[in-house]
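Below are the structure tokens for one structure; questions will follow.
We just call them A, B, C, D and E in the order they show up, numbering each chain from 1.
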Amino acid sequence: MLDVRSVDLHYGAAQALRGVSLTAEVGKVTCLLGRNGVGKSSLLRAIVGLKPVTGGTIAWDGGDITKLAPSERARRGIAYVPQGREIFPLLTVRENLLTGYAPLKRADRSIPDEVFELFPVLKSMLDRRGGDLSGGQQQQLAIGRALVTRPRLLVLDEPTEGIQPSIIKDIGRAIAYLRDKGTMAILLVEQYFEFARDLADDWAVMERGEVMLAGSRDGLEESEVRRYLTV
Amino acid sequence: MLTRFFLMGLDKKAGVLLAVLAVLAVAVPVMALGTAPDSPWHLSTHTVALLGKYLCFALLALSLDLVWGFVGILSLGHAAFFTLGGYAMGMYLMRQIGSRGMYGNADLPDFMVFLNWTELPWYWHGFDQFWFAAIMVMLVPGLLAFAFGWFAFRSRVTGVYLSIITQALTFALMLAFFRNDMGFGGNNGLTDFKEILGFDIQSASTRVGLFVATVVALAAGYILASAVVASKLGKVLIAVRDAESRVRFLGYETDRYKLFAWTLSACMAGVAGALYVPQVGIINPSEFSPASSIEAVIWVAVGGRGTLAGPVLGAVLVNFGKSYFTAALPEFWLFALGGLFVLVTLFLPKGILGLAAQLRDRLPARATVTAKPVDQKGV
Amino acid sequence: QDTIKVGILHSLSGTMAISETTLKDVMLMLIEEQNKKGGVLGKKLEPVVVDPASNWPLFAEKARELVSKDKVAAVFGCWTSVSRKSVLPVFEELNSVLFYPVQYEGEESSRNVFYTGAAPNQQAIPAVDYLAEKEGVQRWVLAGTDYVYPRTTNKILETYLKSKGVKSEDIMINYTPFGHADWQNIVADIKKFGSAGKKTAVVSTINGDANVPFYKELGNQGVKAQDIPVVAFSVGEEELAGIDTKPLVGHLAAWNYFMSVDTPENGDFIKKWQAYTKNDKRVTNDPMEAHYIGFNMWVKAVEKAGTTDSNAVIDSLVGVAVPNLTGGYSAMLPNHHITKPVLIGEVQENGQFETVSKTPGLVAGDEWSDFLPDSKDLISDWRAPMSCGNFNVKTGKCGGKGS
Amino acid sequence: MSTEDTLLYLDGVSVSFDGFRALNSLSLVIEPGEMRAIIGPNGAGKTTMMDVITGKTRPDTGTILFEGRTDLTSLREPAIANLGIGRKFQRPTVFEMHTVWDNLELSLKAPRRPLKTLTYSATREDRARIEEILDITRLSPRRDRPAGSLSHGEKQWLEIGMLLAQDPKLLLVDEPVAGMTDAETEQTAHLLKDIAGKHSVIVVEHDMVFVRELGVKVTVLHEGSVLAEGSLDTVSANKQVIDVYLGR
Amino acid sequence: MHRAFCWLLAAFLALAAPSAFSADLGAADLAPLVRGLGAGSYAETEKAIAGLAETGDPAVVPVIEALQAGDLHVRKADGAVVVAKRAGNGYALTDPLTGAALGEADRNAVEKIRINNALRRTISATLGALTLMSPDANTRRQAAEAVFKSRDANALDALNTALGKETDERVRRAMTQARASVLLAGDAPDADKIVAVAVLQERGDQDARALLNGAANTGSDAVKDAATKAIASVEQRLALWGAAQNLWYGLSLGSVLLLAAIGLAVTFGVMGVINMAHGEMVMIGAYATFLVQEAFRQWAPGLFDFSILVALPVAFLVSGAVGVAIERSVIRWLYGRPLETLLATWGLSLALQQAVRSIFGPTNREVGAPSWMSGAFELGGLTITYGRLWIVVFAFLVFGALLVALRKTWFGLSIRAVTQNRSMANAMGIRTARVDALTFGLGSGIAGLAGVALSQIDNVSPNLGQGYIIDSFMVVVFGGVGNLWGTLVGALALGGVNKFLEPYAGAVLGKILVLIFIILFIQRRPRGLFALKGRAVEA
């Protein structure tokens, strides 16, 4: 289980997170909602270790990971699909996928079939440079790359951004499938409300660097959530 | 209107710098000429010449910062413009020697006599006139920069590619000027000057005069650069530095903007070189060497790139350090200077002038704007 | 307490450090020696070392600093001609004294400079004479680094050779940039030029760093001294120390001093030098001897004048004679150049030169070459009443050609 | 209809990269004042099409005419922009070191020549216009922040603001609502609809709700050429469109 | 190598010779002649050599060889000429003719018999004539070559006899040519000379042309005619080979540039560090070579030929370790600020130069060439020096190895991922700190390898690196940053262009033209020769 406790985070003098707490359980999809600039991505960066927190703790699997480097967190099964794709532009699609081998033992190093089942287009583009792909293709590659690491905590930052409707549906189905395997905790930031609603087991809604609402699927009022999402 | 334009760039930092320059312009003449040589307030010609040299370098650094700090063009060949300006002035000074040379030839500089030249090459004509030389001081570097920039910017040469071809340019010029056939005195360059505008170049008052001229040039350069940077044109330049292609999609012809800044910068560098030569007494092709250009880049980085005042400070400090260490620690000064550069990079990422800002938010690691990964290859 | 300061102006960093650092060390040694003997005029000498860093304007700046700030009595320094040209106005303006220890192109004479290295007639011309006479050379390659010293030397040599009846097609002139490292085709060209059926030799004014790759290439391409000898004016023991000399045995150099010269003075000097540097493999070379001579001349002149005042020292220096290291005396001439023997040596396997020829007497340094049209009428004499560095014997006036 | 009356006219435009055909003989016509939505699978060539129009990429073959006469294929990017073609990029690209305000000021319609910008100073109208745009994009509180410190979504808004500031004749908007909440999406749709009429707009989006909201003619691109064209309802019913794009 | 080896063999056989050919003239008769070698002046020594040569006795061969090698000394006490070899503090003396040991002597008790170039020529010629009958084919061939060069008319008889007995085809050819050379230079009848011209025309090299030139200037009309025609044919051949030779020079210069640049292609090209200290890494490699060689000279002089092979890993490790240290202490703080790396590495380069200057002194250090890297061989009309050949081979090996390492290994993939997006790579689980350190270490280590090679052709001095840094940047940028193939092709192209221009423009102008070529070329291809294209780069 991921357990974020009263985390603070600053960009220079500006505070982006204030005492944020959040949990994400294995076998469940936890959805994080909120308007632009409220701090969703900042929280995810803190969880994967790309941005050091200035207060609070982050625990995963019962161990404190607050101070660990991102690579060490990856080795503990945390995979990240960042906002803005962050593909390695000059690596081929295949090589981009292979980077997912880093946290794996030699014996486990293979690309899982589900990657190409989900994103068939990647199969036909294995030898093209990642940076040449279209935006949506890159997004698919970013998700595929995360799956190669066989994560136990999958952190997704707006994974459907720029992706064509049919594949969004596939991604939704994939997330549900991964959840149902029961080996993985999934933390999803999403603006596309319907998509999130259909997948979420747990919710959290952020506003100005703070979690305003949190709870499980049934405990939350959709209208209340929507209130935080309107202007 | 014009005054407003020139004043608009001036902020507090500029005020301090200009005040310091004003004080120098008054105090140095008084201390050098108005005090007895044994007075504790006396400035020797040696010191005046040194200060003058530092300020010439400061002007060079300023010109470099204009293109590097604000347009993102890392020139590894700025010394070329500086040196060309210097040669233009040197040629004037050579012509002033007249028949006082070793061979007593009024028509030809010594080195030409020495290598059996029989007449003055065409490109030396006119340099006996100060006004002509003064125009050439800006025109030659300016034209070279214009031609070079026109091609390079149109072809969209950027980043390290641009840096390296500027280096190739200055290196080629160095080799060319080394050639005795070029008619610029080869490796020995131009030296043994006697007078400038009729004043004895070695006299204390001439030196002080040159110093004051340098202060004025630096102040003028600074005001001009600040005005340019503060204008909307300056904002376009900064935008070009950070995302050139995006600027193009807004309808700005980025080539022209770059060319403008680049040529202006080259002219400033030329003036710096022209003031440098009479004060140090020699101009020689090794000023073209890539290392000289890199040193200028270092001054800018040490002082604080993109700040205008920083480069001035950096140039003066580094060169003062160099003067001091080469005498105080003749065998180890490279450690001191090299170490200084490393420490500045590590602990003052924004240069000395950035120190204040850095202390203000004490959290250097959390720089608000992280560089984009693409930047890694670009310069 | 009260000392006499002596300035040392040699690059300790940058491209010239490789040559000049040694000269700084030898000066420190000489000063230390002199102090052991009680100094000069009863005062200890105090060396002031600065690093002009192979940067020519910095030479001028440091010279000014030495003279006007540190108030040194004399400066020993410079290697390249351009550094000398850079400091010359400073010494003239501040009326101080510079001792310049390196062979150079001539065409200069300053009241404030004492040239203890060779002028072209003390090195180049005797070397060419030797090759022509002893080796029967008829075809000449003049190879040099592209700057004033080689250019001038070659110009003088060209005129000289032609005056001896050598035809233009038997002279090949080649210039390379400083630090030139790839000598493959130039060496091949030399071989080709040398295969025209006439005995060929190379006169090298290649300077500094370029020499090592040049000689390595000569060795590798098998250019043997017995086939095409190379005589160099800028290659001494110090340069050879970086090269495997086995393939180079027999190539030549012309200097006024070789470390191998077997005289008691030289043996003593070498011993002191190796003790001073705590290295029994350290070599000595010609510019070091020049400083040795220059320094001793200065000491003698100061004692003669009884003061370190520049004017007095400058006047008393002319005519001063001190032992050189090759078993004779060198004297300061009125033109501020000195008399020297000219030695031709062949490279040996151990990196030393073996003298194969030595001028019978001393050769007087000739500042204005007799082989250049514009300088053949000039002479220099700094004694009163002439006191002129470029006196024209044709017009009878001081000031060069006059007009 | 003659080409003279069109605002943008693409005919037989093809582009390939190392043998890969990104645009395949694409033809498209936009009328003055028209808004057009473009949809199509990832990699269909939508962004490439914008690249070709704005001069970023040169087509291998084909004609592109602006206002029926200007051949865009021979112009450089700034010239095209100055004809009145503005663009919002798919991946937000703003001037990170400049403040939000300066980003807008640079985009504002004004003379673009160096000497003019050297002496430029913002007029009252200019400032008012910037304020207005800040309002629309809800970036007022961020006006003095460097754009680099904005969140992803805020950068999207800033890009839209910069596009508005340019006041172009033709707006090319690449995925404007990616990363926006549903409410913002709706608002953006209104904004674009307001603009259309006076200006022509080409919008690329994958958000069908948004496209429906726009209620304009839709062109479906697939493998570099037009697969279908018509109202959203018509194209949504197209079996091929469902297969390659919408899914079931 | 072969040449040196042959000389050794020749010397060895010659030493063995006296017993084989028990002389018709006793050692006692030769002794006074030998004594004459030590008479004093060069002229007297020369006369003594001539005297020895006249005897035609093979027993004098070792004496003259000892003279050539500088081993012949005069014992001051009695004026006897002895072979003196270093032994401990003094010399071990042997009789030059009999080889009998004569005890030891103090350094000052003997005086070396000096030789100069003129004597060296005489000695070669004499040895040539004397060893024409040697049992060893190689020695005979060397001898023939020596005669070819000396054109010594006195050797003609010996040559004729030797030719009569010669069975080895190659040696025969050499002797025929030697004979032709002697005939052409002397005053043989025209018919002989014309045959000689033909022989030389067939030989067709520069030496042949030299001889033919002589003949064309001095001979009778018939000979002149034949010689002129032969010269034309030789020149044509030489021109052809000259072009090939220039290609080789270009390749060889290119491979030097490649070696110098390839480490930079990693630290700068791949990592994006504007590494001004690259040259110093090369220099450190060269000094490592020096130290290894010193160790060999000290403790295993016999194995000196292998010192370079040991120096390679040592230089790689030393430079690599310095690189890792630099990365860990300085560079790692600068990722994302590429321009600052210029400042820091410039500072480091100053400090490293001074450090080396302080430790090793400012002057050049001697790095020797192993015998298998010395000298040259002829390939048709090409002269190929072994040193250059090995450097070409080595450069390509290093290039190939690096290419494989970067393209085909997991480490290579991590390097590229890390340098393209450090934080994302970290988030993927790649230990970026380690990869960074190792990558910089790899680039520096390769620079160190370059240092080993460059120590063979250039100064080993604190300034060594400075001479290559600019060229290296030019090569990497010209080829296209981040593309190893670009670096390869860039280096070879620049080397080739340079060597193509040099004969026409001279070295200085040639270099200027190359720089202008680079400037113009970059206008055509603003991202270098092997520019990466497409969105991936602009993104």
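Quick note on the criterion: a contact is a pair of C-beta atoms (placed from the backbone, for glycine too) under 8 Å apart; a residue touches a chain by one contact, two chains touch by 3 or more.
Being a predicted model, the structure only gives us computed values, none of them experimental.
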Remotest chain, chain D as reference, centres from CA atoms: C
Most centrally placed chain - per-chain CA mean versus overall CA mean: B
Centroid spacing, where centroids are CA-atom means, of chain A and chain B in whole angstrom: 52
Centre-to-centre distance between chain D and chain B (centres being mean Cα positions), rounded to whole Å: 44
Approximate Å spacing (C-alpha centroids) for the pair chain A, chain C: 75
Residues of chain E whose C-beta touches two or more other chains: 353-354, 420-421, 482, 508, 511, 534, 539
Of all residues in chain B, the ones touching two or more other chains: 175, 178-179, 245, 331, 334, 368, 370
Of all residues in chain C, the ones touching two or more other chains: 12-13, 146, 177
Partner chain C, residues of chain B touching it in the complex: 44-46, 49-50, 53, 99-106, 111, 113-116, 175, 178-180, 186-189, 191-193, 202, 280-282, 284, 286-287, 323, 326-327, 330-331, 333-334
Chain D contact footprint on chain B (complex, rising order): 5, 228, 231-233, 235-236, 238-239, 241-243, 245-254, 256-257, 260, 368-370, 372
Residue ranges of chain A in contact with chain D within the complex: 11, 14, 35-37, 41, 83-84, 121, 128, 132-137, 139-140, 158, 161-170, 191-193, 226, 229-231
Residues of chain A defined as touching chain E within the complex: 48-50, 69-71, 73-75, 80, 82, 86, 88-91, 95, 98-103, 129-132, 145, 149
Contact set on chain D toward chain A in their complex: 17, 20, 40-44, 46-47, 90-91, 138, 149-154, 156-157, 175, 178-184, 187, 206-208, 244-248
